[in-house]
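Please go over the structures that come below.
Two complexes come next, and they have one chain in common, chain A, joined by chain B in the first and chain C in the second.
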Partner chain A sequence: MIGYLSQRLALAFLVCLTVSLITFFLLTSSGDVVSAIAGEEATPEQIAALRRELGLDAHWTVRYLEWLGNALRGDFGNSLFFRETVADLIMHRLPNTLQLAGMSLAVMLSLSLPLGMLAAFRPNTWVDRLALSIAVMGQAMPNFWFGLILMVVFALNLGWLPPSGSGTNWHFILPAIALGYYATPPVMRLTRAGMIEVLGTDYIRTARAKGLSTTRVLFKHALRNAIIPVVALTAVQFGNMLGGSVVIETVFGIQGVGYLAWESITRLDVPVVQAIMILVAIAYITLVLVSDVLNAWLDPKIRK
Partner chain B sequence: MSKILEVENLRVDIPVGKQTLHAVRGISFSLSKGETLCVVGESGCGKSLTSLAIMGLLPSAAKRTADKLHFDGVDLLSASNRKMQKIRGNRLSMIFQEPMTSLNPAYTIGDQLMEVMLWHQNVTKAKAHERAVYLLEKVGITGAAKRMKQYPHQLSGGLRQRVMIAMSLMCGPTVIMADEPTTALDVTIQAQILLLLSELQREFEMGLVLITHDLGVVARIADRVMVMYAGEVVEQGTAKAVFEAPLHPYTRGLLECMPIPGKTKPGHHLGSIPGIVPSLIGEIAGCAFRDRCRHAREGCESFDRLRHDGKNHYWRCIMDEQETRGHLAKFTAGTEAAT
Partner chain C sequence: MTTVNVPGRETSGQPAATDPASAPSGSTARARWRDRDFPRRALKHSAFLVGCSILVLILLMALIAPLIAPYDPYSQSMANRLVPPIWMDGGTWDHPLGTDGLGRDYLSRVIYGSRISLLIGTFTVVCSGLIGTTLGVLAGYFGGRVDLVINFIIMTRLTLPVIMVALAVVAIVGSSLTVVILVLGLLLWDRFAVVMRSAVMQVRNQEYVQSARALGCSTPYIIVREIMPNIFGSLVVIATFEMANAILLEAALSFLGLGVQPPLPSWGLMVAEGRNYLLFDPWLIMIPGFAIFLLVLAINLMGDGLRDILTPENRN
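Moving on, here comes the complex of A and B:
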């Protein structure tokens, strides 16, 4: 287990390194930050001076190594826009993003698991089709569009919930529904497929032959096995929620990392964008690790 | 003897496209308290569906009808779901053909054994644990306490089937149904497990319905034998009567295929009944065995009733007892040279 884990961690580190290298290269070649900052009227001399001042005159590989050395010590530099370090900036925004992703995950699971199980329990009936349509609708609508509808109906027309901002927990409800609903279909379909497969197995017949109630057969004997592949997908979806909340955070004005990413991209605030990319990569990798551990816990055959 | 299980005219129909597959075509039998009934017959003759129909565990597409289906004073035909759940695993348990896949991979052996008892009976965990360990030892598993903590994948097929047997005994059932419990196992342990089952049946005074291909074991443990062919009972009687005087040509065919200890030499090619089982889709008129029967004659195509000799030996054949006994003399004499 220790050997396996250290191997996985080494691999994770390499992936992060690669991601950082690629983003660094892409960001360097995507536009000239210096002329953007200096403004259109700046003379070539002024631009060159500013470039030297920002330490951007060296070759990009040199700058990458310098950045990497600092990053490994937790120093991601300063924002080009705010008078703050990148690390502080992200740390201030992170709780909002985590709260949004956590609530979205709850929305997604409370939709996809019951729907998937219902559909599997009555396959090819109206129940199944209804569950599937509910799920497919979630995927057919772009999430910002669904978010806007929610905002118009529940915030503007009915006035039940605040339309935008991240001041209270109430602010997170509509965006969490938009984000969670969008992530529902694949998880629901996998739950359904896993459940249908498990319900046809011999051990479910054994459970019924033991005289257990349908509820117990479903929740104790079937769900536990059907859920194993769902765990991995859920981890990936959670990663998508963390990394993909850019649009929803922007629509609902939530001061999270996604919103920050969007702002920083429009302002060419390279150090911030770079750091967020790394953060997202780390989040993904951690989630995959967590899902592996969960799988091992759920499936005694993987456990050693 | 009082009847614990009574089955009359049980039918199982399964829709196949626009047609219907008549898998079990009106079979009747009964089981007394503490009796062992062995059910034999080729694959596909409806043995499994018969047992599942009694348990109320048929696949959802299959339709069950019967004139009577009584277990221990309960009418299973009209029993509610809840009532069936109270019976299954408690007073009536079942052992399946597939030991490798019949246990839940996600839970320990101990959990699965204790569950059935905790579910049906008002006992403490400690008590259920104690009984599970006791039964694991009973079915010949060493280191039972340690096995309780293991998962199914850590056990061989033979051990898993022993666990299934122990599980079926947890609540002290009145009847156990075992559907080819050893077919999936290594030949070297098949008879051993069947004999174990029979021992336990006698020790705990349970009724046992054992579906098996092992006629050698049947001869040793059965009180009564039921021979099925194409969804029907073709012969039924005490084990002694059926083995000494098999009155149906199909039964004689099965017995000719059976190796005889001391007589059949190792490697000797056993006979098999030529021909194939008729399709069960649609109605079958007359004797279903007639395409394979060397005594087939005019009249067989419409013969359709069970004869009996007044001593509870039943057979479904146009040949009466006298004619059959004539063939029987030849059969017994020619067992070794049987064609």
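Moving on, here comes the complex of A and C:
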């Protein structure tokens, strides 16, 4: 297990390094940010001075190593537009994104687990079909569109919830539903498949034969064995939600990291985009690592 | 051995919609594809039929768009702004789906929009399919070091957030239909690679491959003639899901303003433009959004159906 873990860690580290190199390379090719900031009126001397001030005149390898060294110390430089350090900017927006992701996770689990279990317990009945339709619809609906529909119905027409912003907890309900539903189908399908597999095993038949109640069989024996791959997938889906939050935060005007990413990309605020991409990558790869370890713990065959 | 985790993309867990007993699990996907039973099984699969019918209708609509669209999708008419669709008060048969904020006929724009979505879906899948299948087949067939390197590439790709990379590239390079297709084509190959890799691993030690090797067939010959036909079923199934994925991503990119640019009638862009009239004219976002939903639903239903019909061993 230690060997397996250290191998996975080394791979994760290498992947992160590659990702940082790719994003750096991608964004340094982003044309002349300096003249964009300086404006049309700036003279060539002023542009050159600004370039030196921002440290953009060195060779890209030098700048990459410098950026990497600073990033490892938690210093991602300054935003080109906000005149604030990137680290501060992200730290201020992070709580909103985490709250959104947390609430979306709750929505996703409260939809996918009960429906997946019910569908497995009563296959080919109306419950199963309902669960399947919910999954199929969720996969086909563009999440920004679903978010806008929720906004029109529950905020603009019924007036139950605020349409946009991130001031109170109420602001997060609609976006959390939109984002949570979007992440539901794979988890529900895996729950269903896992439960069907477990319910067909000998020990469940034994438990039933012993005369244990249905709820006891379902929750005590079946769920416990079916849940671990679901937990692993949930970890990965949580990482996907961080990406999905770019769209949903923009729709609902939530001042989170996703919205910041979109703003910064449209303005080519390179230091901010770079920092967010590498942080999302690290978060994602950590979650994949967690899910791999969970899977390995479940299945000793992988460990070898 | 390293395993690659594909988030939210597991192929199991597919509810069995056809009778599994009708497909002998020992036969190969190739046999099933050419099987005389294929039409019979397809006709029995109602979700597959529904998906196919919707898709054929949308395809037809895209092909004969100039013949059926009542107006030019670009011609503006300030006198006819925001005419509501026919089922609402004030709707007329002149504009069955109404007009947008610039007075352009909405039905014509929706009809022409199908061309953009289908174009993006098709070309993205061709591009990503080529990359992903090549990587997956190489990794699966050769294993060892090749597999290790390709696994690392797959892992790196999975770690990059698609939507952010696509947005950034489009912001840097500038947005056009071609750029969107290329970006998505170069990003969405991961599932092809992962599934092809494991599919090839499954068949590479089958007897017919070993006998081809014993006969002295060259590696390219074995891959093209013995391996590819047998993983073709899985390939088609992934292609449908990736097509749906690409269409959704294009819609999201266009919605965020970094995809297809105005005045092109991209459905995602139409939803973005309709946002300005969210309060009083919500149908402006409902109609193009529903079009995306319908197209993606049709493709997914067809993909689910194909998976049931072609690769019963992938079901639970």
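Methods note: the second predicted complex is superposed on the first by the 271 of 304 C-alpha atoms of A that agree within 3 Å, B and C clash if a C-alpha of one lies under 4 Å from a C-alpha of the other, contacts with A are read in each partner's own complex, and residues count from 1 in each chain.
Methods note: a residue touches a chain if its C-beta (ideal position, glycine included) is under 8 Å from a C-beta of that chain, and two chains touch if they have at least 3 such contacts.
Values in this document were obtained by computation on a predicted structure and should not be read as measured data.
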item: Fit or clash between chain C and chain B when superposed on chain A; value: fit
item: Contacts of A:V15 with chain B and chain C, given as first, second, both or neither; value: second
item: Touched partner set for A:T97, first chain B, second chain C, both or neither; value: neither
item: Contacts of A:S79 with chain B and chain C, given as first, second, both or neither; value: neither
item: Superposition-derived angle with apex at the Cα centre of chain A and sides reaching chain B and chain C, degrees in steps of 10; value: 80
item: Chain A residues touched - chain C or chain B, whichever exceeds; value: C
item: Partner chain(s) touched by A:L26 [first = chain B, second = chain C, both, neither]; value: second
item: Partner chain(s) touched by A:S166 [first = chain B, second = chain C, both, neither]; value: neither
item: Touched partner set for A:R224, first chain B, second chain C, both or neither; value: first
item: First (chain B), second (chain C), both or neither touched by A:L148; value: second
item: Which superposed partner A:K210 touches (first chain B, second chain C, both, neither); value: first
item: Nearest-approach distance, in Å, of chain C Cα atoms to those of chain B in the combined model; value: 10
item: Shared contact residues on chain A - chain B and chain C; value: none
item: Touch list for chain A against partner chain C, complex; value: 7-8, 11, 14-16, 18-19, 22-23, 26-27, 29-31, 119, 123, 128, 132, 136-137, 139-145, 148-149, 151-152, 156, 183, 186-187, 189-190, 192-194, 196-197, 232-233, 236-237, 239-240, 242-244, 246-247, 250, 261-262, 265-266, 268, 273, 276-277, 280-281, 284-285, 288, 291-292, 295, 302, 304
item: Chain B partner contacts - residues on chain A that touch it in the complex; value: 201-203, 205-214, 216, 221, 224-225, 298-301
item: Chain A-touching residues of chain C, taken from the complex the two chains share; value: 1-3, 5, 7-10, 12-15, 152, 155-156, 158-165, 167-169, 171-172, 244, 248, 251-252, 255-258, 268, 271, 275, 278-279, 282, 285-286, 289, 292-294, 296-297, 300-301, 304, 316
item: Chain B to chain A touching residues, read off their complex; value: 55, 57, 81, 84-90, 93-94, 96, 98, 101-107, 115-116, 119-120, 151, 153, 164, 167
